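Should a chain be cited, it is by its letter among A, B, C and D, assigned in written order, with residues numbered from 1 in that chain.
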Amino acid sequence: MQDKCGIVGIYSHNDSKNVASPIYFGLYALQHRGQESAGISTHNGQDLNTYRGMGLVCDVFNNGKVDELEGQVGIGHVRYSTTGSSLLENSQPFFSEFQGGNIAIAHNGDIINSMELRQELKAQGHQFRSTTDSEVICHMLSREYIKNQDMIECIKAVTRQLIGSYSMVVLVNCDLYVVRDPLGMKPLALGQKEDLNMVASETVAFDVIGAKLLRDVEPGEIILLNDKITSYKMDTSWIKRAHCMFEYVYFARPDSIIDQRDVYQVRLNIGKALHQEFPAKADVVMPVPDSAITAAIGYSRASGLPYGEGLIKNRYIGRTFIMPTQGERETSVKLKMNPIISELEGKSIVLLDDSIVRGTTSKSLIDVLKQTGVKEIHLRIGCPPIISPCYYGVAMATKKELIAANHSVQEIKESLGVDSLGYLSLESLIKCIGIDKEQLCTGCLDGEYPTELPRDLELYESCRC
Amino acid sequence: MQDKCGIVGIYSHNDSKNVASPIYFGLYALQHRGQESAGISTHNGQDLNTYRGMGLVCDVFNNGKVDELEGQVGIGHVRYSTTGSSLLENSQPFFSEFQGGNIAIAHNGDIINSMELRQELKAQGHQFRSTTDSEVICHMLSREYIKNQDMIECIKAVTRQLIGSYSMVVLVNCDLYVVRDPLGMKPLALGQKEDLNMVASETVAFDVIGAKLLRDVEPGEIILLNDKITSYKMDTSWIKRAHCMFEYVYFARPDSIIDQRDVYQVRLNIGKALHQEFPAKADVVMPVPDSAITAAIGYSRASGLPYGEGLIKNRYIGRTFIMPTQGERETSVKLKMNPIISELEGKSIVLLDDSIVRGTTSKSLIDVLKQTGVKEIHLRIGCPPIISPCYYGVAMATKKELIAANHSVQEIKESLGVDSLGYLSLESLIKCIGIDKEQLCTGCLDGEYPTELPRDLELYESCRC
Amino acid sequence: MQDKCGIVGIYSHNDSKNVASPIYFGLYALQHRGQESAGISTHNGQDLNTYRGMGLVCDVFNNGKVDELEGQVGIGHVRYSTTGSSLLENSQPFFSEFQGGNIAIAHNGDIINSMELRQELKAQGHQFRSTTDSEVICHMLSREYIKNQDMIECIKAVTRQLIGSYSMVVLVNCDLYVVRDPLGMKPLALGQKEDLNMVASETVAFDVIGAKLLRDVEPGEIILLNDKITSYKMDTSWIKRAHCMFEYVYFARPDSIIDQRDVYQVRLNIGKALHQEFPAKADVVMPVPDSAITAAIGYSRASGLPYGEGLIKNRYIGRTFIMPTQGERETSVKLKMNPIISELEGKSIVLLDDSIVRGTTSKSLIDVLKQTGVKEIHLRIGCPPIISPCYYGVAMATKKELIAANHSVQEIKESLGVDSLGYLSLESLIKCIGIDKEQLCTGCLDGEYPTELPRDLELYESCRC
Amino acid sequence: MQDKCGIVGIYSHNDSKNVASPIYFGLYALQHRGQESAGISTHNGQDLNTYRGMGLVCDVFNNGKVDELEGQVGIGHVRYSTTGSSLLENSQPFFSEFQGGNIAIAHNGDIINSMELRQELKAQGHQFRSTTDSEVICHMLSREYIKNQDMIECIKAVTRQLIGSYSMVVLVNCDLYVVRDPLGMKPLALGQKEDLNMVASETVAFDVIGAKLLRDVEPGEIILLNDKITSYKMDTSWIKRAHCMFEYVYFARPDSIIDQRDVYQVRLNIGKALHQEFPAKADVVMPVPDSAITAAIGYSRASGLPYGEGLIKNRYIGRTFIMPTQGERETSVKLKMNPIISELEGKSIVLLDDSIVRGTTSKSLIDVLKQTGVKEIHLRIGCPPIISPCYYGVAMATKKELIAANHSVQEIKESLGVDSLGYLSLESLIKCIGIDKEQLCTGCLDGEYPTELPRDLELYESCRC
């Protein structure tokens, strides 16, 4: 059910234009949001056509399929592998035929009550082919449709029942519906390039084809893209918002702009704030690449300490990789990161990382660094301790796996074997992002979740897939 | 919706035995009933596992998938390509998850009112992923299930609504339901080998693994195979039966026994009866290979004329074949059949064929034969003129394409350019098969169909896929 | 080194015509000569292009490759799997670049002294990529070429050193050289269709594209096909010929004409002669399908006994087939052949087979037949006992595996459990074929081989691949 | 003939250890040296086994092939696509069978006279399957071997005839020969991990499996790895060396140590020296990622200007990528690099790049930057102007394509539209590397090549593949 993903939707007002190609490029720019599978659905006025496959966008579509997907409207999806159950059946867009015609859905987020909704639908005779939230939503829409043939009303009725995060694109015949949950948990932006309208999880998908950001899709907004653009509001009135803070800290690309905040600047701020809260006497500031690079630059600028690279990352990551056998475990970290001994030996370093989840990767990295003869390591983390699970799509870990849920900062410092450890405070993080706490989701940091939680947490966790 | 297919179902009473391997061999023996796609579903007590692919059984399963399909119960299917829409989505078994657990269906036959049933289901909020009857039945079962959790009652309720032919195997979790329509249109037999129970479209699937035929599944019977064998009757009482005569004439393998009739003997009888009705003065009796071989032997025996081969068939048929370009059309027949000139030149031949549908293939073959210098061709056809379409799964052609629906025997003889033409009479055919006319379906021969016909014939024909 | 294969070569005198397509159809017609791998090389005036793959012709070339192979001249090859070492590296045409330009070779036959030639070439610094005779010949040609740039002279010089059987097509840039060994062991025929000249292992390759047989390539002849047709003779004068009798008995398609003998008629003659030598009192004459069908028809005609089918062959053979596991061995024969019980039970039958090599397959078949309750089996074999190995490409077995090399006819009869057993005599076989004994190779039947044998027989046998 | 590549060779002194796995990891670490194809050959005492494929190491070997490659000795290769002719036939290791047994070769470098050597070999009857230098060397070795069965003498004799660069590993049966050209143009290092000896193009291949660098393979050295390590010298005495300076500037990974120079430190030095030679008044120092990151850090440190990122690189590069059509050309750069507008708008930047070859990529990048509203761009290049082609494997361009061969620095500055442009001087570069000019190859910078050039330059360039 967990879907950490990227989505794209495009409507071309020029009926001779095929949108599969710009959707493909948009997905390519969103590849960091999911490398497990990729898919595109388009509608050419007659038929809905979908092509999906396991792997990177460029590998899935290396066979001429982009050209075969005709139509001036379409949607696309990249999916993140959260667990082992990576089946083609679970790749998106999910598509089917219902009374209203053809439907295809691509979804980013996590519906907390999808298990209950699924049971309810089954109890009404519905059948399921996948374990995705997209299929649940698809069934709900088709159930609503028999009561009311106005698709906007159907979407409103369905979203009233959804608890959780959802940014989604729904293609019903030639109409493209764009939906963002009332809390705005997952990003979703609206852009334009000449006669194309485009929505995407991040603005980098606009940049890659030269589209311009018009505005964010509003939390609780439904946009219908067809020959015109029409905006609707979900009927419950929402004041609260809950933008996921982790998009800024780690998940989004640094060159994206999310809910009017420039991710790169947020990360620079994080580095600067970390220096303010946890200055260190050291020779050099270094990031854990790639996610902490910008924060390390920020720390370096604020502290006046030189910026440097202590770890070089191997850039060539294929779809599958043969992992070293038991006896060669240490290879595993070295396959991804190699230390620059001449920059580390005898030096005191400030090491920036975006977050610590389980602590196991951090431990391996610190060990690799210590073998180089580094003198001191001052570890600085770009967000507060993660003490509670995420139920909205980040799928980080269960509570008992979270190191900070079970250990004090002092204990973590000792177990990692670093000379000092500083986590950014929540107050600072909020300032760095520049969005009020009431409008952010900080559930994983302080346990204050913006929605009800799953009724049966154990069942919920066992079903994560 | 048309599914000319072969099905297999196996339940092993020995829980350490995997049934995927005998299902695979059974499908291999039924390969003549469908070469478009193949699939197997098994249930291992925990999960339903399905593997399907386009092409021949041995090509689809050449990758170790048979061994991965665990379970002591399972079903299999081979599908015939009736039209161009050969999509993986339409391959069977169709499977899904419903309130009662996991379900998989493999179906042989044609539900005449499936379009109406489909519309009705959509109007109740159901969605469709394929165009198969199996999916329609699957939705109907899941809709019934919410009213009554007794699967036998669900099957009874569903079959009450089905018009048409259906032999099917339905796997619901670890229970295997075997269903044959009240008219017994399509064959379905029950066999046994040690602790395995098996059902299959034809007895050749038993032979290949050394199982023995116990009996035919009765028309209107539902058999539940699990730790015991239980037989149920559909609640409407049926007197009439309507076994498809075309299974005997052409479709089944000659080494099968269908509804207690030995197909080989039926075809020998056909040859003998043809000699009785249409003797000919000739040098040799020859079949159009392979389907008319047995009838030709029968004609030869009855007439005392020597049996011979005039056409050699190329045995190597792959999944795809590059057809000759326009300028080389005549190659097309020669790719399949090559004449033996030394056996034909200057000879008078009796040529046996099983049936004439459109007449185009017959014409090409006759032309090839005439180029060899054959003196006379006396064409004998193993069934009466086909004058009306089949609505139960044979998908031969629409009425206007049927040569005998629009031309007299004399006209056909002239257009083919043969020296004489004899079609077996209906009376003789019935005698050859040895089943009363009231218990046979002869719709395509005399227009007397055993069920209501589709309400909208034009729509029905346009939707055949 | 053993290559039981089919070859095709085409030169089009119309420079706008691509020959890859007719080569493809020709190979398709020769598929019975080899199912392991297929390949085509063409030359377009600039480049030699080759595409090869494992499997059936239609599977290897199901990807548009035929259209990509440009050129008005080309060659093709299908290879038979004689042992397990089926590597793409060993598929043909073998191709390389040498001083004279590009060369590609497709070869049918077996060079007895290829091991010695290979050692000699290595001792001169040559390297090998495959274990094929084609590569050996290719190296020899390129070694000759540096002495004499006349390709005809090179071929003459090379063939002077070859002992064994070889029908081959050699493409050197745009020139197509056709070579048949001085004994004419393997068939090779020359045909024509409009502006195409074609050579092929069997005439069925002509039939499939509508080409006409001009004549056989003469034993010891070299034909150069380019803008004209030029015939050369190898310079040693040969009187003896040694056409392989097994082509007529079993290997060739019945609709081929080989060295002016119609294979179908030869097989009819064999059946008739068998009746003359070994008449039997029986109810019916039946073949082991498919190879013995024609002989069974001949026996039936001569004896007046009715012809019938006792075993039905499964026609669907894919590239790979999962064999039954140990406990299900009997399935293995049943996968290929299924008995018609109603034709066998209580009957006396004459069973025709083309030959007995090891006797194991015959034994399994007889067992299957006996389980049906057949009364008597009178086995008739279309050639004399095989008592000695073939060194020229048929790769049947080693001497110790040959049942007739180690057992009397009486012993064989008993071990098979048949009621009578008759092998065609050598004298009769020669008459049936209609070629003088001096012009036939009967090595496997009487040990009289037409050439020297391999120096080291043990080494030779261990290297068969 | 051009092979910009990475090579690995491993001999395990523990005969139960398979070396394919550490070779695989080594190739993975060298992936930056070639993404076109990958291959591994191992010898298990009996057979040489080779597996090669197109694409990334992890994609080629995602099928269990690593485990199938048995043996305690082996070699591996990754190949760079210099032109369009990327054929499997040209992938390495090249392997064959010769008089001495089995041989496999993996080569990094460029043999300038390979065309002449190839012609000479053809004139002696040798044949070629690929266009690689490896095959030429393989033939030469096999030609030498027939004169002298001492492989070391063969290698000496062959290398005496080679002009150009070559680091190579040659597997002859179970013996692994390691060869580096007398000028030491391409890197090659010797390492050890427990009972494994390893050679690789760069030390990062050691790091990934935890091996230690023992020393560089000496220019002109031949090392034989079998049950012991034996070093030989090519017999001509060389004083001059010619290490490729471009390895330090661009090609090698920054975490490698090449000929005792730490690449990371060299690049830091380059940044510092560029600041000394071309200081600039600016707000921030930015690299063109990834190759110029280290130099930018060096410049930042020396200047005291803050380090920053102006361009974010998309990390997900698959084997194939559908390029945008004509009308969307600008997308092409944006697919790889996206600017961070908030870091650029209104800023003066120092932009570091490693080199300028044609100038086209630089121009596109500058254009992208200028669209962000950057105030000033001061471009600094980490090496002198490239004015002459490379003949030793870098395959950068022909002379007429090199922008600095045809334009002054002032002209280049203007055409790129930057505010200032500074190329590092040759003297500085030499100091940064720390190797005397006499021991460096600077051919592309000053036209002083360390060897003879190809006799026919035009032919040479046309044959680059």
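In this text, a contact is a pair of C-beta atoms (placed from the backbone, for glycine too) under 8 Å apart; a residue touches a chain by one contact, two chains touch by 3 or more.
It should be emphasised that the depicted structure is a prediction, and the values quoted were computed from it without experimental measurement.
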Inset, instruction - Count how many hops through touching chains it takes, at the least, to reach subunit D starting from subunit B. - result: 2
Inset, instruction - Note whether the interface between subunit B and subunit C is symmetric in residue numbering, meaning over half of all numbers used appear on both sides, and answer same or different. - result: same
Inset, instruction - Please work out the Cα centroid separation of subunit A and subunit B, and write it as a whole number of Å. - result: 50
Legend entry - Where subunit A and subunit C are represented by their mean Cα positions, the distance between them in whole Å: 62
Inset, instruction - State, to the nearest whole Å, the distance from the C-alpha centre of subunit B to the C-alpha centre of subunit C. - result: 36
Inset, instruction - Could you list the positions in subunit D whose residues touch two or more of the other chains? - result: none
Inset, instruction - Report the topology of the inter-chain touch graph, choosing from line, ring, star, complete and other. - result: ring
Legend entry - Chains that touch, pairwise: A-B, A-D, B-C, C-D
Legend entry - Contact set on subunit D toward subunit A in their complex: 21, 24-25, 28-29, 31-32, 35, 56-59, 61-62, 66, 204, 207-210, 253-255, 262, 264-265, 290, 293-294, 297, 300-301, 306-309, 312, 314-322, 324-325, 328, 330-331, 334-335, 338-343
Legend entry - subunit A residues within the subunit B interface of the complex: 95-99, 103, 122-129, 138-139, 142-146
